[in-house]
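Read through the structures below before going on.
First subunit A sits with subunit B, and in the next complex the same chain sits with subunit C.
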Partner chain A sequence: MTGPTRAAPPRLDPALRAPLAELLLAMADDEFVSGFTDSEWTGIAPLLEEDVAISSISQDELGHARALYQLLAEVLDDGRDEDAIAYDREPEDYRHARLLDHPRGDWATTIARRFLYELADEARLASIGDGWPPLADLVGKLRREERYHRMHLVAWINRLANGGADARQRLEAALAGLGPDAATVFTPLDGEATLLDAGVLTRSMADAEAAWRADLTAVLVPLGLPLPHTMPPTKGGREGHSDAFRWLWGEFTAVRHTEDGATW
Partner chain B sequence: MVMAAATTRAATQKPTRVDVIAVLERVADPEIPSVSIVDLGMVLDVHVDAERIAVELLPTFVGCPALEVIQVNVVDALAPLGMPVDAQFTWRVPWTSDRISERGRERLAGSGFAPPAAPEDVRCPYCASDRVAMDSAFGPTQCRSLFYCRACRQPFEAFKPI
Partner chain C sequence: MTPTVMGSDGPSPTTEIGHTSASGPVLEPYEVFRQEKDGDPMRHGGNVMAPDPELALHYAREMFSRRNESTRLWIVRRADIAILEDADLLNPPLDRSFKKPGGYVMRDKLAAARERAGTAKPAARAESHDRTGGRRQGGAGGTE
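For the complex of A and B:
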C-alpha cells in the first residue's frame, strides 16, 4: 500500500497525540475494512456498471484509508509505516465499527451497510475542524469524493425500495439486521474532550450521530423504511470482532504473511 | 544550437521556475498521454532554491493509483536540470476539476474524454451532440464517468466534476 509521499506535517502538541491517534485509527479502519469488504464484489456484482461502480468506490475507500494511515504513522512516529499499521495487527486490534463487521451478505445487505456507513462517515467528516491542519486538509479533499458515494447509495436505496417485493423485502431485512450496529460508527472516543478543546472535532460523536439520524430520516421515512436503533452509551462499538471479520483479515493479510514486508 | 545552449546553461546555471514548469508541461498523466499534469492543474507550486527544486503536486483523487508513477516521472523529467528534485503530494489545496486549463479541456476532448461538466452540460467528445446519457457516475478510473451518445451511438467517458 506504499503510496506517493507527502510533505512532512507540522509539529504536534504531545497532549494531542493519543486522542488524535484514536480518531485516525477509527476513521482509517472504517474506510479500510469497508473498502476491502465491498471489493469482494469485483467481478461478481449484479450488473457490469455496478461491478465498475462498487469497485471504484472500494478503491476510493482504500485510498482514503491509506492517506489516513499515513497521517496516523506520522502521529504515532513509532517506526511503522502505513502498510505496517494496515496489515501487521491481530484481528482484535482493529478498531472499525461493528456495523462493518458483518459479512458481505447479499446485494441488499451490501447496499444497506454502505448506505448507513456513507451517511455516517459524511456526518463524521463534517465534524472535523481545523485544529490539526493535516487532517483538516485531507478531510476537505475526501468530502468532495464522498459526495459521489452518497448519490450512488441513495439511488440504490430508492431502486431497491421501489423495485418489487423481493428487492424490498431483502432491503428491509438487511436494514433490520444491521440496524442495531449502525450507530457504532459514532462510538464515543476516550479522547473526545481533548479533540473538542483543540478544535480537531467541532462536535461530539453524539451530536454527529444526531445529525446522521436526521439525514437518514429524510431518506428512509418517505420510503417507509425502518430507522436503525440509537447507539447505547457504550464504548464497545469498535471492539470484539466477528468470525466474518477474522476471515476477511486472513484474506487481506495473506500477501503480507506470505512475503514479509510486501507492499502493494 | 538551441539544445546545446540549453544544456550548457543547465550545467552552469541554476534553472528558473519557468524552466521547471516548461519541463513539467511535458509530463503527462500516464492514462491520458495527450494532457500534461500542468494542464490538469496537478502542479500547485514550484520553488527553486540554492540546493534543490521543490514541486508541490495535487492528487486528483486521493486513492488514484497513478500518483506514484506521476511522482517518479516528475523526478525523472527534471533530472537533466542538474539539481536534486523534491516532488511531494499535498492536500493543502484540494484538487478540483476546474483546475484543468482551457488547453487541458481541449486536449481531453481530442482524446475522447468529455471535460468535466454538470451531467446536463456534457457533450459528446466525438460529435459534440447534447443527446447524451450518463450510464454510470463511476467509470474505469476514479476520475471518470460512463456516458453514451445517442446521436453517434458511441459510448464515451467524461471527467467527473469534483
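For the complex of A and C:
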C-alpha cells in the first residue's frame, strides 16, 4: 500500500466491501459535485455576505466529500487516496445524482436545488446505522454541520416565496424544473439488501425517500408552494451526465491536471 | 427604522447605507459581538449587512466563526441599539475631579489588610482569564 499510513481500518466483511463502496461513492460524489457547482457563486452572489456564506457552505460540502472519499479509499484499499478518487476519474465515472447534474442556473435555481438536495441528504444520513462504525461516526459529525445548511436554505426558500412576484415565480419555476430529477438522490443501490442486513443502512432508499417527501411537504405547503412532481428513481439516476457536468469536470480537474502526480 | 440616537446632530447610522431600493434587497446593518472562549466577555467584532434577522445570524456565523474563532455570538440590529453620544451628558463642562479617586492611596491599606488576613499578594494574572484575581484554591501557581 502506498501513501500515508492511516490507522488500520476496522475489520470489514469482504462481502460488504462492494456495497459499502457503492454507497460511499454516491454520497461523496453528491457532496463533491454540489459543492463545486455552488462554489461557482463565489464573487457573484447576490450580496457580499451571502457570497461568503454560500462559498463557505460549498467548502463545507467539499470537506464532507473529502471525509467520505477517505473512508472510500480505506474500503477500496487499491492504493488511491481521496484526491485520486475525487479528481482522477472520467466524467462518466462520477455517481452523483441527476438532481445535481444541472448547470448552476440563477439564484432561485441554486436555492431550489440545494434545498431539494439538502433535505434528501438529511433523510439519507438519517438512514445510516452503526453497521460500519467509521461511517456511523462520520455521519454523526456531518449531521451537526448539515443542520445549519438546512436553516440557511429554509430561510432563503421563505424569502424567495414571500419576496415578491419575480422571486416567487423564479422559485416555482426552479422547483418545477428540478422536480423530475429530485428523487434521484434515492436511486436504489445494487448492494442495498446487504447494507440493510449489515446495519449500515437502517432503512431502504425507498423508505428514506418517503421520509424526505414528508419533510418537503412540511416546508413547502405552509408557503403555498406546489410540491415538485418527482419521478420514482430508477437504476440510471446516477449515470449519463450532462454537458454542464462535463464542463464543470473540466474546471475542477484543471489544476490537478496541469501536472499529474504532483504533490500539492 | 430610525435608531434611537440621543444628542446626535449627524446622520443616523442607517441613513448612510445606500442599499435600499424599490426592487433590490433592503439590507440593514447588524452589529456582531463575539466571545472568543468560554468565560470571556462579549466584544464587538464588526457588522454584517442582511435583509432579515435570520440571515443576519447566518452571515454573522460565516463572518465571525467559520474558522471556529467564536464560542458565542450576539447579533443585534443596529437600529435597535440605543445610542448615547451627547457630550453634555457624557462629558459635562464643569469640573468633576471630585468624582475621581485620584489622591486616595490604597497601596498601604491594602498591604496592611493582607497582612491581617495572612494572604500574599496575588500573582500577576498569568495563563488564564479566571475571575478570582489569581487566588485560585490549591493546585500549581497557588497563593504561596
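In the analysis below, the second predicted complex is superposed on the first by the 250 of 264 C-alpha atoms of A that agree within 3 Å, B and C clash if a C-alpha of one lies under 4 Å from a C-alpha of the other, contacts with A are read in each partner's own complex, and residues count from 1 in each chain.
We take it that a contact is a pair of C-beta atoms (placed from the backbone, for glycine too) under 8 Å apart; a residue touches a chain by one contact, two chains touch by 3 or more.
Note that the structure is predicted; figures quoted are calculated from it, not measured.
Annotation: superposed three-chain arrangement on subunit A; subunit B versus subunit C shows a clash. By the touch criterion defined above, A:His152 lies against subunit B and subunit C together after alignment on the C-alpha atoms of chain A. In the superposition on chain A, A:Arg11 makes contact with neither subunit B nor subunit C. Set side by side, subunit B and subunit C differ in how many residues of subunit A they touch, and the one touching more is B.
Once chain A of one complex is fitted onto chain A of the other, the partner contacts of A:Ser56 extend to both subunit B and subunit C.
By the touch criterion defined above, A:Pro46 reaches subunit C but does not reach subunit B.
By the touch criterion stated above, A:Leu142 is placed in contact with subunit B alone, subunit C being left untouched.
Shared interface residues of subunit A, touching subunit B in one complex and subunit C in the other, are 49-50, 52-53, 56, 148, 151-152. If you check the complex, the residues on subunit A that touch subunit C are 46-50, 52-53, 56, 148, 151-152, 155-156, 158-159.
Per the touch definition, subunit A reaches subunit B in the complex via residues 2-7, 49-50, 52-53, 56-57, 59-64, 66-67, 134, 137-138, 140-142, 144-145, 147-148, 151-152. Only residues 56-57, 59, 61-65, 67-68, 70-71, 88-92, 94-96, 135-142, 146, 160, 162 of subunit B touch subunit A when the two sit together in their complex.
Against subunit A, the residues of subunit C that register as touching in their complex are 25, 27, 48-52, 54-55, 58-59, 61-63, 66.
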